[in-house]
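Multiple structures are listed underneath, in structure tokens.
Two complexes come next, and they have one chain in common, chain A, joined by chain B in the first and chain C in the second.
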Partner chain A sequence: MQVTPVIEVKNISKSFTSTKALSKVELRIFPGEVRGLIGENGSGKSTLSAIISGNLKADEGEMFMFGKPYSPTNSFEASEMGVSIIVQEQGTVETISVAANIFAGREHQFCHMGFLNSKKLTVEAQKLLDSIGLEYIRAEMLVAGLSFEDRKLVEIARAFYRLPELFIVDETTTALPQRGRNILYGLIKKLKANGKSVLFISHDIEELVEVCDTVTILRDGKLAGSLTEDEMDPYKMKTLMVGREITDNYYRSREKTAEQSDKIVLSVEHVSSKILKDISFQLKKGEILGFAGLSDCGIHEIGKVVFGLIKPEKGKVLYGNGIEITNPKQAIEKGLGFMSKNRDRESMLIELTIKENTVIPSLPKLARYGFFITPKSEKELALKWCGRLNVKMKNIEQPCSELSGGNKQKIVLAKWLANDSEIFILDCPTRGIDIGVKEAIYKIMGNLKSQGKSIIMISEELPEVIGMSDRILVMKDGCLKKEFIFDNGTSEADIIQYMI
Partner chain B sequence: MKTEVAYMKMNNFVNMSKRVLFTIGLPLIIYLALGILRPDIYFKWSTFVMLFTQSISYAVVGWSMVFGMSVGLFDFSVGSRVILAGLVGIHMALYFGVVGFILGIIVSSLVMAAFTGGAYAFFKIPSIITGFAALLIFESMATIYQKQFSVIVDDNIKVFGTSPGIYMIGLLSFISVYLIFNNTKFGYQIKAIGGNENIARSMGINGMKLKVMTYIVGCAFLAIAAMIKVGYTGTMLGVTSMQSMNQCFTPMMGVMIGLYLTSCNPIIGVFIGQFAITVVSSGLVALGIESRLQNVVVGVFLLLFIGLKTNGEKLFSKDKMHKKAIE
Partner chain C sequence: MLIREKLSKYISFLGLLVLVIFFQIVTKGNLLTTKNVLLILNQGYAILIASFAGVFVMSTGNLDFSLGAIAGFSCVCATLAALNMNPFLSIPIALLVGVGIGLLNGFVQNVFKIPSFLTCLCTMFILTAGTQSLITGSSIMMPISMMSWDSNAVKIVFGIGYTVIMVVLFKYTRIGKQLKAIGVSPEAARQSGVNVPGMMTLAYVLTGLAGGIAGFFLMLRTGGAATTTGQTVTTDVIIAIVFGGMSIAGGASSKISAAILGALTVTILNNGMILAGYGGDAQQFVKGMLFLVIVAVSTKRGTGIVK
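The block that comes next holds the complex of A and B.
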């Protein structure tokens, strides 16, 4: 007899502006199966899980649950239909109790004549916590009083109140201590024993091999393959994960490195923060220094610390001449420019015009008599840099919100170029942009290097880190794990060994 | 084992005592300070009773606002709604006595809340803008409407604002608002939306529906506040040029203090905050400080309180590293 899959995904495609996140993906998960899902950053894992859990809508394709059409409009609806998800980001409300979080949206179960029996709700929540080995978390406590790890466990408890038909774990284990992981593994076994299914997303290959029955590998939004328990081999999985062709000429030319000197333009000394642990490195004039690692390993904090946006708890960031950089204003004055991974919220005033965004850091330089800025000087500066970067726009008065991702990225670069920055911190410079603009940005980076400017490039895409950097620092769990000096033999597999 | 239990009980008692002391400490310190400056006024039972009674009226308005403010809504039409509801009540009392007064206030308050909340939901514009628009409409309606009848009420209406009626109404209001805030699905969801709307929505809570409900539930307490105000003053007068906002600023400050007073339940905190503000304001009158300066002092008091409450850990931490980490 043929078994009906718990969930069946048919020809699912999803695009974000010009970036294709998923392309005709198919997936079938059967009752009692623990399916692993693996792929590089940006391969479409989280997009797929978000579509299955109702957080995103697919552009094309259809889904079935136990053979019946399934198209949840939001995560709560999906959860009510039996699909629960826990993700990397915070999913609890800090200001209310653990019990209130567990039963949020389901309070009516504890209501009688309009009044909520908070004692019953707390007792029920505590029973649930006890039953899954979280007896040390008290249901009446405010979530704000819990550690990040325990908050994740509260989310897991919430998901387990009603045994879900499909439980999606989206890269959550990195946020959990070993004890929490063991609890989660125990719950997964319990689900499996009850004939329920799990979609387990993780970067930890050993963990996947241990937990999963089968593994599906995504690459560039497409299905790269599926392996059964017998076929699951870390090397095979890594090969399928990174098996794309890399065309060297796509990135910058490697022959000319004369512009790089030994002059130190920036030093980071023993920096520690909430995530970072004793980070030290130096940036040289004309160097492209790449940072590689998983998205939550601290690479993105590095950029913010260097630019003065995050104050380190220990250590310091020194400009070439020994002056400590403590805030963004000072960093800009010293010639630093920062492109955040979260471009629309942190690097750009999205509702303002191209002109305004381009000239903002340069206003002190444009000001006559210290305060007066002529419209002509603003216009000239904006036109000059938007022209050089070939920004596709109606005119410089166009709001940035109307631009494509790639052109927005060019505007962010233009604003730092207009300010004549010497050090560029580029966090995911090609995130969410199409191949054409990607190539243009790589070219700009190459030109900057040839002008003796220094670049810190933080990226979750290994091919570009390898393709663009003179030196690569690999990070894991907030620590620097390995330094690679570029040579033609450096491969993604070499780096992945230290990342995962 | 027994020692452990005893230790835990002792610990709980100490914590509870600290919380109680901190909660009542704020108005107590202010009261004692004023008492030292003007013992002839402040160390009299009648003064305390007067300030307590005044606080009830403001606290009820504050309780009507606590739901909306918990979810980030700022509605400045509250004062104008109290005035117009009071006028409708007075008008209805002329025909139907006390029953007409109560029903007139409740129904008109409900209609105005539905209008304001409905406009907020329909136009999806910030609550401050909706509130201002509603305020202008209700203020104008009140000034036109009050010309149609005598706005002086009979003694039977005054029971709502005099002893013991005001205390009974105050107590009933407190119990109701406490239960709604702490023991209903609505109250639980309010706290979830106020904590993080996006996460709460992903948990299946309908944010917009809940926000509109805060107008409706809040209007019940506004109606009670209108009854108390008419009973206390014996009349109700319409105002123009946004003067009705004065009636919501003081309760709003009380709510802010209440929501920041983490040592107690916010509903109790609103009353404590209200009492503190009333004591400060009346103290300034007693000390002969000019009325315009009184607002300055009340404003500074609010800034100091919330500033210290928010940054207290940073300001008073002796550990430099800890300070830096908090920053």
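The block that comes next holds the complex of A and C.
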């Protein structure tokens, strides 16, 4: 007899303006199954989980739950039907209590004659927290007072108020310390024992092998294959993810590392801010300096401080010749360029054209007699750099909002290159872009290095930090914890132990 | 989609054309007589001057509500200077008053972090009070000797020069480009090397200066200053720029041509309605409705954000 799947996804496709995120994906998850989902960034894993959890609507295709048509219009509806999700990004409201977060949208259960019985709400929430091993989190506390890790656990508790039929974990474990991970693994076992199912999304291949019964691999929005427990093998999984045999020179080639000089182009001296605690480091000419750490440990703040966007409470950022950097305008004049993690909102003028975006930092240089900017000079500059970086576009008058993530990223690089920048601060340079463009970005970074330009690379993806950096600084809770100088032996495990 | 884009590119021009044809018919040909065309140019002069500067502020997604009050106040100051000191002093006084208020507008919002529209609203109230207290009665007259200054030749020469300067500033210098960037996203502009507070102040100085110039020409045209001088300038400018094809949110839609096209449209609308015999209340009503329709048509559906 055939078992009815908890969730059956049929022919699901989804596009975002110019990129196809998913194309005709099929997936069936059976009761009691822990299914892994893996793929490179931009392969469509998060899109698929968002569709199943009701956060996104598919363009085509159908879904079934226990054989019946299933089409939730939002995540709340999905969770009422038994599909709960916890995601990478923060999903709690800071300004209300833990209990209020857990029961958000379900307050009516605690209402009597229109009044909320907040005592009962708190008691129930505490019971729930206790039952899953989170006794140390108090239900009446404000979420704002919790650490990032604990907030994630509150979200997990919320998902477990009623045992979900399908529990989706979207790359949450990277944000959790070992204790939190163990709690999560325990809950997954509990679900499995109760005949419930889990869709487990992770970058960590070893973790997937450990936790999952089966693994489905996505590549460029298509199903690349599924592996059962006996077939699961890290090498096989990687090959399916990338779609070809993995070679070691996916990142930059290491033969030509000799160009690095000892000239210091930037030094950060005893910088402290809200998050950062007494950070000091130096950047050399032609060096790629990687920053690794959890997303809220201060690595992103470092980039903003160096670029003059955040004024440190103590300490200073000095340009090579000793001049202090105090604001972004001056930083740009000194040859710095910053690519924000939040590209569309901070590094791009998204509604404006490719040309306008490429030339904006260079406007002072383009001005003749310090004043006139000719359309011809703008056009030439934009064409030159967009051409060199192989931006896929109709023409330079196309609005940036129509471009794919990878091409937007290239425009951000083009605008700093056009301004002859010497120091590039790249915060998550390959976030959310597909693998082909990713490789192109790595190649550009390698070229910049060989031209003697310096790069600060901030990333939450350890493989790329290890693959690209000459030196890696590992951060935790606002402090610098460890420095790794590149050698072929550095592994993710070495770095992770300093991160968490 | 393409048709819509093309249409929206020319819609302001088409609107103006329709308006001209409509009033030409309604007024039985009285709209496009030589005499009336000259009158239109005279009536629209202050609006045109102010609209050019208005484009700079609006491209950042902000509005200068004090523009009309600046025109009124500098008109009074210029008249008083001409009466009590020397007619030639009226020019620098009008300009300095305008620039000074613009600087103040920029300074207050940057230093005290007050939203710009609030700052400008307050400036408007303060200036209106100032204007009224400086005028005894309902109006004051400039010296008779200055009547001859109100010459079409001067206005045309100055107007052309002013237009060229404004077009160049907006299209061919960093000022227009950086203000437009601020309109898309102040944070992204800052991260691209734009001195956001400085550029915003510059934009308000420009509207201040334009208010001063407009005030001076209003004095010449009306022969002095009244408590009501400049009152309709602010709304006429906002309506003009939107009629001209720019979005209130500024950013990508910003273009300097909106000032010329829009000022012409608003003035013809004002003039045509008077010729056609509409009362003041009907004129306000029609302007309000038309404004609403244009904003509604140019708003991106679904987001509720005016783009």
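Throughout what follows, the second predicted complex is superposed on the first by the 254 of 500 C-alpha atoms of A that agree within 3 Å, B and C clash if a C-alpha of one lies under 4 Å from a C-alpha of the other, contacts with A are read in each partner's own complex, and residues count from 1 in each chain.
By definition in this document, a contact is a pair of C-beta atoms (placed from the backbone, for glycine too) under 8 Å apart; a residue touches a chain by one contact, two chains touch by 3 or more.
On a predicted model such as this, the values are computed, not experimentally measured, just so you know.
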Partner chain in contact with A:Cys111 - chain B first, chain C second, else both or neither: first
Which of chain B and chain C A:Leu163 touches, first, second, both or neither: neither
Which of chain B and chain C A:Asn74 touches, first, second, both or neither: first
Chain B versus chain C as contact partner of A:Ile132, first or second or both or neither: neither
Which superposed partner A:Val93 touches (first chain B, second chain C, both, neither): first
Overlapping contact positions on chain A, where the chain C interface meets the chain B interface: none
Residue numbers on chain A that touch chain B, as the complex places them: 55, 74-77, 79-80, 90-96, 100-101, 104-108, 111, 114-118, 311, 313
Chain A contact footprint on chain B (complex, rising order): 179, 182-185, 187-189, 191-192, 194-196, 199-205, 321, 324-325, 327
Contacting residues of chain C [partner chain A, same complex]: 168, 172-174, 177-178, 180-181, 184-185, 187-195, 251-252, 307
Parts of chain A lying in touch with chain C, wherever the complex brings them together: 307, 309, 328-329, 332-333, 338, 340, 345-352, 356, 360-361, 363-364, 367, 371-375, 399, 415
